Every structure is written in C-alpha cells, then in structure tokens.
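Below, chain A partners chain B and then partners chain C, in two separate complexes.
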Partner chain A sequence: MTAASLVVSGAVLGLTAGVGGATLPRRSRVAVGAVLVWGACALEAVAAIHVLVSGHRVVLHSAELLPFTGVNLVLTPLGAFFVLLVAMVAVPATLHGIGYAHHGLDSRMAAFAVPIFVTVLLLVPAAGSVATFMVLWELMALTSLSLVLVDHGRREATRSAGTWYAVITHIGAAAILTAFLILAAHSGGQSFAALRLHARHLAPVVRALVFVLALVGFGSKAGVVPFHVWLPKAHPEAPSPVSALMSGAMVALGVYGIILVGDVILGGGSLWWWLVVLALGAVSALFGSLHAASSTDMKRLLAYSTTDNVGLALIGLGASGLFDATRHPQLAALGLVAALVLLLNHAAFKGALFLSAGSVQSATGTRDLDQLGGLLRRMPQTGALFLGAAAAICALPPLNGFIGEWLLFQSLLHGADIGNTAGEIAIPLAVAAMALTAGLTVVAFVKAAGIGFLGRPRSEGADAAVEVPGTMRLAVGLLVGVCVVLGVVPTLVLPAVERAVRAVLPRVAPLSLAHGVDLQLVGLRGVLEPAALAAAMAGALFGLGALRRALARRPAPRVAEAWGCGRQLQTARMQYTATSFAEPVQRVFDDVLRPVQDLDVSHVAESRYFIEAVTFHNAVDDGIERGLYRPVIGAVRRWGQVARQLQPGSVHRYLAYGLGALVIVLTALTVIR
Partner chain B sequence: MSAQNLWRSLWRVRRVTEALAPDADATAGPEELIGSLQLRHVDAGSCNGCELEIASAFGPVYDAERFGARLVASPRHADGLLVTGPVTRNMAVPLVKTLEATPHPRIVIAVGDCACDCGVFRGGYGVVGSVGDVVPVDASIPGCPPDPTAIIDALRGITRR
Partner chain C sequence: MNAGSHTVVAVIASCSQVVAVAVGGLVLIGLMRKVRAHLEGRVGAPILQPMFDVRKLFRKERLRPDQATWIFPLAPVVLVATVAVAAAITPLVTTGPALSTGSDFFALVYLLLVGSTLLALAGMDAGTAFGGMGSSRAVTIGALAEPALLVTILALSATAHSSNLPAIVRATLADPGSVATPQRLFALGALLVVIVAESGRLPVDNPATHLELTMVHEAMILEYAGPDLAFVTVGEAMRLTLLLGVFVNLVAPWGIATTTNVAAVAVGLVTLVAKVAVVGLALAVFEVFTAKLRLFRLPELLAGAFVLALLGVVSGLVVK
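Let's turn to the complex of A and B:
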C-alpha cells in the first residue's frame, strides 16, 4: 500500500464516519463515528510517519474531484508533522466524546460534523494548492462553527460566541485568500510549488503585503492578540472534545499557515516581518497568561492559556526568522524546532486539560471554579490527570512543557549576539516576556488545580460529583501519557521534528539534537538529559519519602477539625475562591486588566445605619475587545442606522429612487455620447 | 534626640522593668514547657480588666517574655491557653474548639476570679460556668483583676525561669 493510497483511504474513511454519524441511530452514532475516525487518523498518521522517515513527499492530484482546479494534495515533512499532531489530539478527543455524547454531541449535526472536522484537520497540512487549501480551510471553519453552535438552542452566550467566531474567522479567511490570490496572480499557477517558484521575483512591497495579510489571516485562526477575542468565547461554549480539537489542533494549523507562507512560499524575507511575529508572540503570551491568571471560568482560563502558548510558539518562529534573516541558520533551525515542539506539547497538555474540564463539567454541571472544589477526593483519577497536565503546562520537569521551553530559551539565549541591533534588543525582551509568562501560567494553573480540585465543594453539583466513565478517563490518560513520554524521552520525536524543519530551512546543517536519550545542541553549548533528570527527580522524591518515614518519631496523628478561629459553623464559603486567589494579580496588573467592580449596598428602609444587603460584582473583560472591537461594531451599527433612513418602507420613496436613478443614468448616457 | 543623648540616657536609665520577685516555686506544667511557653489568649467573656493586666504583664515594664512566655496569634502555634472571664454561652464551644486546636503537650491557665469561679457573674443567665467547668484547668491566677506580678509569677512557675 503506497503512502498516497493511505492518505486517500484515510480521507474516505473519515468522510464515511461523517455519513455514518449522520445516518445511524442515536445510540451508536457517536461510537461508530469515533472508531472510523480512529481508522482515518491511523492511516493518515502512517502516511505521515512514512513521509517523515523517508523524507519523500507524497503527491496526489485529482482533476475531477473539484471543478476547474482539481484537488492537489502534497504531504511534505512539515505537513506530516502537523498531521501527526492532529491525529494525536483527535483520537483521545473522539474517545472522550463517546462518554460526553449526551452533552449535545449525539445530535445528527454534531455526529456528522465531528468526523468531517477531524478529517479536514488531517488534510489541511497536506493541501498542495491554493484552491484545495482554501476549500479545506473553509470546511474546517464551517464544521468547527457548527460544533461551537451545538448548544445554541439553550444558551444565548453560545449564539453570541458563534457570531464572533464566524466573523473573525472569515475576516481571516478573506485575508488569507487575498494573500494567495496576489501570489497566484504573479505566478500563473496555483500550486504551492509554483507560488514558491515565482514568489522570489516579486517586488519587496508585494511580498511584505502578502506576508502581513497571511499573518493577519492565520493569526486570527491561531488566536494571536488582537485576533484572539473569539477564543475565550467559543472555547467555553463548544463541547469539550471539540474545544480540545480546536485548541490543540486547529490553532496549531494557524501557526502552520504562517510557516507555510512566511518560510516555505516566501522563503524567509525581511527582518522586520519576523520582528513583528516576535512582538505579536510576546504580547500574546503575556496577554493570554495574564487573563488566564485572572479568569474564574475553567474553560475560559484554558482558552486564554491557548493564546499564551501560541504566543510562545510565535516567539520561537519569530526568533527563527530573525536568525535566518541575519544568516544564523543553526539558530534559526533551533528556533523553529522549539516552535514546533511547543505546538506539539501544547496539543498534548491542552487537549488533556480541555478534556478533563469536560469531565468536570459532565460530573458537576458547572465549569465555574468558584462553584467547584473538593473534586480530587470525589474524582481521584480525573483529578490526578488534571494535576499532571497542569504540571506539564507549567513547564515542570520531567514533563514535556519543560523540554519545549528549554529549547526556546536555548535558541533565544544563544541568539543574544546576532549582529543586528533591532534583534539584539528584541530577543532579551522576548526572554523577559517568556519569564513573566511562565510565572503567570503557574499562577493560573495553581488556581485551576487548587481551587477546582482541593478544599471543600462550593456547590451541590460539586458535592455530588462522581468519577466519569472509563473511556473519558482513558482519553485524558492517553494525552497525559504523551506528556510524560515527550518529557522523559523527547528524543523519540525530535528527529522527526528536525526533518520537518530541514524541509523548511534547507540551508541548515544537521542539528542532530538527539544523542541516545540526551539532547545536545550541535555547535552551541547546551545539553539536557531528560531521562536522567526524570530518574533523579523520582529518586529524590522516593528518597525524601523514605527519609521522612525513617525519621518520623511522633505519636499517632490526631484527626481534628480545621482551625477556623473557633467558629461554630464552618462552610465551604469560608474558603479561598478563584476570584480571591486572582485578586493580587488583578491588583498588580490593574492598568492592563482594568477589572470592572461594582459595590452595591442597600439599606433597610427605617434607617441608613442598618444594611440590608451588599452585592459585589467583579468582572475582568477583555480590554482589546472593549477598546478595539466594540467601537468598530458600534460604528457599523450606527452606519446601519443611517442607511436605514434611506429605506423607510415607503413604496413611494422606492419608486422615487427608481425614477431618480433612471434619470441619472439617462442623463449620464446623453452626456457621454 | 541626638545620638549622644541617646547613649547617655541608655547609660543612665539602665533597667526600667520591675525588680524580680523571689524565685517562684517550680510547680505546675509539663517538662517540655520549661523555658518556652507560647500562649494563646482566649477571652471567654471577660470585662477586659484581666486583658489590661495581661497586656501590662507582657508590656515593656513587666516584660514576661524575659521568662520565656510569649503571646501568639493562633492556638496552632501555642503550648497553652490563657483564658479570662466567666465562660459565656457564646464562647463555650469556641473555647472547646480552641483547646482542641492546640497541640499536645498543652496547659490551660485560668486568669482572674471570673475564670476561676465566675466571680460576680456567678449564676448569670448568659454564663455557662467557670473555665474549669468547660475545659480542664492546669493553673489558676486569682485576683480581680490579678496584678501583672501575679500573672508573671504564675507563668514563671511553668517556665521555671
């Protein structure tokens, strides 16, 4: 079986899963769809591994499938890496979806859309021409939009989130299409190979325009500030497996698009492009982590954290472009490796986090951290897996987040003297932004894990929570397992990442990061031994435990009530909440976050000295949404009102318009002739 | 105050605490508390007379900390409780809970007549009883209110300094 036929049969299997989901009875449609999707993922993954191992691209062309242009699929090593990433998220997400089905995923529409969405996600990195790419890209947007809207009948917020997502993603698609059309107009063909061949002859202004348009378009999909506003709206409203797919896989494809246009098609470019990418990455990382630290909705927190992680990947990508433009190919490759590894890591732990947030929502009926608590005792396995994934996203060794940030720090720190003033200023700033981001991420996830899973339950739903079905735990467990494996033996995947990078940056000498189980930077100073690190940490933990047991010289522990200053009634309301945990951060970053606080005191009618009720309202809304989007929406609405005056519904007025237009046309004709 | 004046006054004034009373008898308290006694003060319904005297005993003039006794902010940090006042109905459960929160080895010191035997509040409608009726008492300091020296003598009996 050739790799090309694997790609085709994978796609066919995925589409079959969609049809099956739409036609089978409600009981079986989600499970059957999921099994077929696993088949599709497996076939595409095998093809991708074949491409990565052999280094040969897979080319497919079918003139009949799409009118006028045909379908062009070219699976490059870079695309193959992203296919693997998508498959890694899609299998656990659909597995989790089986247990989550009663939350709207078993409707005919959703059972159809999920397999199609996964199939399209698998095919987008394999698209080899503009038409194929745009068709798949739009299908991806439409299927994910329909999945965000699954709950639209019950919740107003879902409809609003759907509108935001649809508008922003289509502005992005328009920008991408414009960029590709400019390229295609100058190259006389529409395959990416032709675009790449002719792109180097374009005027610098046109190249810059194309890059900026692509950055806007793909950035809006990747959730980069200031196009991130749809993320914290759509991710919480979508069913959790869909959120995991969107956040883990779809957002990564946005970064793939930037690499595709910036590095592959345009072949690098000016220095300032990559400075812009670096700046966008740093701002996104800071903004995302800051909002994640102050969010109290678990999935909103995860959505902002997605912006944060994409920002980190863009820092790697921007640094890579910067090094490439200043002729440091080795560093450029390292930066790109770091960006890809960060995306892979993000897919693993964010997928796990979104899926366990779904498990929590399924068990308790809420995702508001201020209503949760005490879940570690009620859902021990889900809780432990969430803690594991949270440790990974906080970049704690020996988990995968640490490897990604280590690579990124190495590439930035070695790039401190690249012989370009702007770059030498930008890179230390990026390092500082990364450091602050890392700290804020820890705050956000200490809050999510500590408030959500420890302490006492803050609501009846959390009190009555029971462990979710085994399939859901297995799904999260698979992704956490990936986090551990990638953290302890990253050398399993690094050769593949390197091959993908060398396909993008052909000038690079072999990096050969992997030395047995160690990471070593060739030509640079920097060695990491993740397996030894993990062993040392495990040994230290075990040793400490043993030492403590050996030295313990104390009477039997006495079980006593938690000290509550002698109060006779201790309730869950006396605990630290997510809001109170975030308050210091919120106060320090007051000028950036601009929280809206309302204190309303009502007095009893007889005397103002006695207070009847105090209500306090605290909300941190998105500053960019308020400052940038709301005014634009308001202006459009006002223009709409003005335009409405032209159209008051009076037939006489419309007839007069018609007459007027006729007179003008006739007059114009007379004058012209 | 110039530095010279400061040095001079330090030289001239020497000691401002009260003179030590003759050594107290080594009486109450477990061995572990010798030399260091961390106390949590519980007001179980006092008129605040005893509080003034306790504050004075731990103030700069009498300075009970010379003898190893300290006031702390939580029973979790304490070796014992310093209870004042008759135990009122509202404070009975909190007193028990505070003692429950204090780690072993621990002592309870009843300060003042009210704590010892309810004093003038005996039989009051809001009074449960003396401290001894609610929790076991290890040492009592009579007086209404007790003199700071009496408090210090009792504490020295426990810290044995």
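Let's turn to the complex of A and C:
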C-alpha cells in the first residue's frame, strides 16, 4: 500500500464514519462512528509517519473531485506533524465521546458531524492548493459550528456562542481567502508550490499585506488576542470531546496556517512581521493566563488557557522568525521546534483536561468550580488524571509541559544577543511574559484542581458524584500517558519535529537535539536530562517515603478533624471558593481585569445597626469583548436602525430610488467618458 | 584518576551537598533565630533547637484530616524529594556533582516549583478556610515572583551564554571581573528579593506568625502534624539553604571545588558553609529591622525586583 492510498483510504473511512453515524440507530451510531474514525486516524497517522521518516512528500491530485480546480493533497513533513497531532487528540476524544454520548453527541447531526470534523482536521494539513485548503477549512468551520450548536434547543448561551464563533471564524476565512487570492493573482497557478515560487518576486508591501491578512485570519482560528473572544464562549458550550478537538487540534491548525503562509510560502520576511507575532503571542499568553486565573467556570478557564498556550507557541514562532530575519538559522530552527513542541504538548494536556472536565460535568451536572469540591474521593481515577494533566500544563518536571517551556526559554536565552536592538529589547520582555504566564497558569490550575477535586463538596451534585465509565477514564488516561512519555523521553518525538522544521527552514543544519535520552543544543550551550531527572525524582520520592514509614512510630495515620479555630462543625461553606482563591490575583491585576463587583447590604427595618442580608456579586468579563467588540456591534446595530428609514414601504419612494440611481450612474458615465 | 573514581567523587560530592543542605538548613534556621533573639535582647533557643524539634516531631503521631486524600501525605515527601534532587545536581560544593551536565538554572526553578505546587494543593486538601487562604496567597506570590526570577536567569546566563549552572560558575571563576559588572549586580539584587519571597521570609511572609490575617505559608501547612510536619520543616529549611547556596556561588564562587578530588570537595564544603552562614546572618539582621509588608504591597516589591532584573539585562546590552 502506498502512502498516497493510505491518505485516500483514511479520508474515505472517515467520511464513511460520518455517513454511518447519520444512518445507524441511536444506540450504536456513536461507537461505530468512533471505531471507524480510529481507523481513519490510524491510516493517516501511518502515512504521516512515513512522510516524516522517509522525508518524501506524498502528492495526490484528482481533477474530477472538485470542479474547475481539482483536489490537490500534498503531505509535507510539517503537515505530517500536524496530522499526527490531530490523530493523537482525535482517538481519545472520540473514545470519550462514547461515554459522553447522551449529552447530545448521539443526535443524528452530531454523529454525522464528529467523524467529518475529525477527517477534515486530518486533511487540512495535507491540502496542497488554495481551493482544496479553503474547501477543507470551511468544512472544518461548519462541522465544528454545528457541533458547538448541539445544545442550541435548550440553552440561549449556546446560540449566542454559535453566533460569535460563526462571525469571527468567517471574518477570519475572508482574510485568509483574500491573502491567498492576492498571492494566486500574482502567480500562474493556485497550488502552494506555485504560490511559493512567485511570492518572492512580489513587492514588499504586497508581501506584508498578505502576511498581515493571514495573521488575522489564522490568528482568529488560533484564538489569538484580540480574536480570542469566541473561545471562552464556544468551548464551554460545545460537548467536551468537541471542545478537546477544537482546543487541542483545530486551534493548532491556526498556528499551522501562520507557519504555512509566513515561513513556507513567503519564506520568512521582514523583521517587524515577527516582532508583531512575538508581541501578539506575549499579549495572548498574558491575557489568557490572567483570565484563566480568575475564571470560575472550569471550561471557560480551559478556553482562556488555550489562548495562553497558543500565545506561548506564537512567542516561539515569532522568535524563530526574528532569528531567521537576523540570519541566525540555528536559533530560528530551535524557536520553531519549541513552538511545535508547545503545540503538541498543549494538544495532549488540554485534550485530557477538557475530557476530564466533560467527565466531571457528566458526573455532577455542573462545571462551575464554586459548586464542585471533594471529587478526588468520589472519582479517584478521573481526579488523579486531572491532577496529572494539570501538573503537565503547569510545566512541572518530569511532564511534557516542562520540556516545551525549557525549549522556548533556551531559544530566547540564546537569542538574547542577536545584534539587533529591537530584538534584544523584545526578548527579555518575552521571557518576562512567558514567566508571568507560567506563574498565573499555576494559580489557575492549582485553583481548578484544588477547588474542584479537593476539600468538601460544595453542592449536592458534587456530593453525589460517582466515577464515570471506563472508556471515559481510558480516554483521559491515554492523553495523560502521552504527557508522561513526552516529558520523560521527549527524544522519541524530537527527531520528527526537527524533520518538520527542516522542511520549513531549509538552510538549517541538523539540530539533533536528541542525544540518547538527553536533550542537547548543538553549537549552543544547554543540556537537559529529562529521563535522569525523572529517575532521580522517583528514586528520592520512594526513598523518602520509605524513610518516613521507617521513622514514624505508627505508620498508619489517625484520622482527625481539621482545625477550625475551636468551632465544632466544619462545613463546605467555610472553604475558599474559586472566586476567593482568585481574589488576590484579581486585586493585583485590577486595572487589566476590571472586575464588576456589587455589594448589596439590606438592613433590618427596625435598626440600621443590624444587617438582614448581604449579597455580593463578582464577575470578570472580557475587557476586549467589552472595549472592542461591543462598541462595533452597537455601531452596526445603530447604523442598521438608521438604514431602516430608507425602507418605509412606500412604492413611490422605491421608484424614486431607482430613478435617482439611474441618474447618478448616467452622470458618472458621462463624466468618466 | 580514572573515570570511575571521578564518578565516585562526584557522587560523594552530591551526597555531601544533600546532607549539607539538609543538616545545614536546620542549623541555619536555628542560627538565624538565635541572632534575631540576641538583637532583640532575648537569649533565644539553642542553635540546634530546630533539629531537636524535628526529632520530636518524628516521635509524634501522624494525623490525617477527615476530608484529606492522598495528596496530603504525598506533598511533604515530594517537597523534600525535589529539593534533595535539586541540591544533589546544583554546583554548591563542587562544579561537577553527579548529573551536573543537566544542571540547568531553569530546571532547578521548575524542580522547586513541583514541591511548592503540591504543598499548595495539600493546603486545600483538608477543606478548611485556612488552607485555601494560604494556598491562594502562596501561589499568587509565586506567580508574581516568576518574571523577576526568569529575567534574572537571563541576565546571569549572559556571561556563560548558557543557563547551565556549572557553566555559569566556571565562567565566573575564569573571569572574576564579571562579578562586579552592573549586569550581575542588578540581577543578584533581584535574585535576593526573589529568594526572600520564595522561601517565605520577612518582609514577604513572617515564619513566626500564627495570626490568620497575616499567615501565608503557615496557613497552608496548618493541618500537618508529626512526621509529616517534620518533612515540611526540613523541606522548607533545605529550600532556603539551597537558594542561598546558589546565590553565594553566583556572588563569589571562590572556594568551590573545580577538580574531582576529595580534598578539594572538603574545602568546597567548608567555604560553602561559611558563605551561606554569612548571608544567613545578614538576612537575620535585616529581618530584625523589617516589618512584614501588607499582602497587597507585595506586587510593588516584586515588580521592583523585576525592574532590577530587566535593568541587569539592559545594562548588559549597553555595556557590551
């Protein structure tokens, strides 16, 4: 079987899964669809691994499939990396979906859309021409939109989220299409190879315009500030496996798009492009992590954290472009490796976190952290897996998040003296942004894990929670397993990542980061021994655990009531909530977050010295939505109201408009001629 | 000497570092308390009192709050384990302890973060108001200290073009003038503030307080008793000592063993103890004259440290 036929059969299998999902009876459609999707993922993954190992691209052309342009699929090493990333998220997500089916995923629409969505996600990185890419890109937007809207009949918030997502994603698609059209107009064909060939002869202004359009378009899909507003609306409303797919895989494809246009087609570019990317990344990382730290809805928190992680990847990408523009190919490759590794890690732990959030929602009926608590005792395995994924996203060694941050830090560190003033000022600031982001991520996830899973349950739903079915736990477990493996032996995947990077930056000599099981920066001074570190940590942990058992007189601890200042009864209401946990952060970053707080004290009628009730309301809404989008929406609405006056319903008026228009056109024609 | 004996000496040096940090940490805490007591006109407890306390705690019963999960007993062990691993691989006594090729400043910071994150989770495990309060404050302070810390690493790595700690120390030894550059001085000033914040000393946190409004670290570990509390105490003392050890070796690395022979390691151990004791005493004297800052004034202090670190990086660019 050739690699090309693998790609085709994978796509066919995925589409079959969609059709099967739509036609089979309700009981079996999700499971059958999932199994077929796994087959599709496996086939595409094998083709991708073949491309990464052999270094040969897979080219497929079919003139009949799409009128006028035909379908062009070219699987490059860079695309293959993203195919593997998608497959890594898609298999656990669809597995989790089997247990999650009764939350709307077993409707005919969803059972049809999920396999199509996954198939399209697998094919987007393989698109080789503008038409193919845009068709797949639109399919991706439409299937994901229909999945966000699964719950639309029951919840108003879902409909609103769908509208936001649809509008922003289509503004993005329009920007991408414009960028590609400008490129295609200047080159003979519409294949990416032709675009690339002619892009270097374009005027700098045109190139810059194309890049900015692509950055806007792909940035809106990647959830970059200020286009991130759809993420905290759509992710919480979508079913959790869909959130995992959207956040882990689809958002990464947004970054793929920026690499495709910026690095592959335009072949690098001016310094300022990449400074813009770097700045967008830093702002996204800070904004996302700050909002994640102050969110109380678990999935909203995860959505903001997606913006933060994409921001980190963009810092790596921006730094890479910066180094490339200042002729430091080695560093440029390192930055790009860091960006790709960050995306891969993000897909693994964010997938796991979204899926466990789904398990929690399924078991308790809520995703509001202020209503949760005590879940680790009630759902021990889901809880432990959530804690593991949270540790990974906090970049704690020996898990994968740490490897990504180390690579990013190393690329910034060695780029600190690149001999360009703008870059040398940008890099310490990027390090600071990355550091504050890391710290705020710890706040966000200590909060999510501590409030959600530890302590006493804060609602009856949380108290009555029981462990979810095995398939759901297995799905999360697979992704957490990936986090551990990528953290302890990252050298398993680094050669593949480097191959993808070398296909993008052809000038680069091999980086060969992998040195046995260690990471070593060749030509630069930096070594990390993740496996040895993990072994040392495990050894010390077991040794000290044994020591404590040996030293303690009575090894089994006595269960006692916690200290409550002498008060006898401890209740769940005495605990910190997610809101109170985030209060210090919210107070420190008051100027950025601008929380809306309302304190209402009602007094007893007889005397103002006695208080009857106190209500406190605290909400942190998105400052960019309030400051940027709301005014625009308001202006459009007002403009629409004004325009309505043109349509009073009078036929005479309409005839007059026609006459006026005719006169104007005729006058204009006379003047022009 | 052959490669085998090199490894043996490196392992011995590593072990001596861990023991020095563990034992020395408790003695350092006792010493700092003694100095404080003397300056305040008290006699104070013996210098070895923290060690007696730990021994006493190990004899006591282990307690577990009724709501607690496996996080609660795990956190103290993880705290000590990560600090011990960090102490083993960091160049304290010698520039070449075991596993030191991968002894990265960045990795060290994140290794220590594992312990503090788990402790913050354990604070919330008992389901009490105090634990959540302490955890919330501790992670907030940690987050605010992070930018200063990483930019400091950036500034300190400039001489050696690497964040590898042995490389930085060796580069300083090879070029003693680099210690007095504005870059290094600004960065070390920032590092000192961060160390004070990370190890919960005055003016960031008062280790002697048990007043609920002011507690940070003590609130977080309030539920611990017996051997678990002993582990937490030892872990915290080790963390302070380790960070001070890194600090002194960045300020004045002289005396550290650069060759793998036992005599050099012994000299390195003695000089390390002396240097850390001096800095610890200075810190104790400073604490007598300092009041704890309000929690919401801390961002200003840590932002100040961040600006210092940034000045370090920028002055490096200007001087170059």
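Convention: the second predicted complex is superposed on the first by the 632 of 673 C-alpha atoms of A that agree within 3 Å, B and C clash if a C-alpha of one lies under 4 Å from a C-alpha of the other, contacts with A are read in each partner's own complex, and residues count from 1 in each chain.
Definition applied: a contact is a pair of C-beta atoms (placed from the backbone, for glycine too) under 8 Å apart; a residue touches a chain by one contact, two chains touch by 3 or more.
Note that the coordinates shown come from a computational prediction; the quantities given were computed from them, not determined experimentally.
*Asks:* Tell me which touches more residues of chain A here: chain C or chain B.
*Replies:* It is C that touches the greater number of chain A residues.
*Asks:* With both complexes superposed on chain A, which partner does A:E529 reach: first (chain B), second (chain C), both or neither?
*Replies:* In the superposition, A:E529 contacts chain C only.
*Asks:* In the superposed arrangement, which partner chain does A:E561 touch: chain B (first), chain C (second), both, or neither?
*Replies:* both
*Asks:* Output check: A:G373 vs chain B and chain C. Expected answer is one of first, second, both, neither. What do you get?
*Replies:* second
*Asks:* Looking at the overlay, what does A:A395 touch: chain B (first), chain C (second), both, or neither?
*Replies:* Second partner only.
*Asks:* Which partner chains sit in contact with A:L662 here, chain B, chain C, both or neither? Use first/second/both/neither.
*Replies:* In the superposed model, A:L662 contacts neither chain B nor chain C.
*Asks:* If we overlay the two complexes on their shared chain A, which of chain B and chain C does A:A432 touch? Say first, second, both or neither.
*Replies:* In the superposition, A:A432 touches chain C alone.
*Asks:* Which of the two partners, first being chain B and second being chain C, lies in contact with A:V443: first, second, both, or neither?
*Replies:* Touch status of A:V443: second partner only.
*Asks:* Which chain A residues are contacted by chain C in one complex and by chain B in the other?
*Replies:* In chain A, residues 555, 558, 560-561, 563 are touched by chain B and also by chain C.
*Asks:* Contact residues on chain C for chain A in the complex?
*Replies:* 58-59, 61-67, 69, 71, 73, 77-78, 80-82, 84-85, 88-89, 99, 101-102, 104, 106-107, 110-111, 113-114, 117, 120-121, 123-133, 135-137, 139-140, 142-147, 149-151, 153-154, 157-158, 160-164, 167, 222-223, 226-228, 231, 295-296, 299, 306, 310, 313-314, 317, 320
*Asks:* Over in the complex, which chain A residues touch chain B? Could you list them?
*Replies:* Contact set of chain A toward chain B: 555, 558, 560-561, 563, 565-568.
*Asks:* Okay, in this complex, where on chain A does chain C touch?
*Replies:* 293, 373-374, 376-377, 383, 387, 391, 394-397, 402, 405-406, 409-410, 412-414, 416-417, 421, 424-425, 427-428, 431-436, 438-440, 442-443, 446-447, 449-451, 454-456, 518, 524-529, 532-533, 536-537, 540-541, 543-545, 548, 551-564, 570, 572, 574-576, 580-585, 587-588
*Asks:* Per the contact definition, I'd like the list of chain B residues that touch chain A in the complex.
*Replies:* Answer in residue numbers: 74-76, 93-95, 97-98, 100-101, 104.
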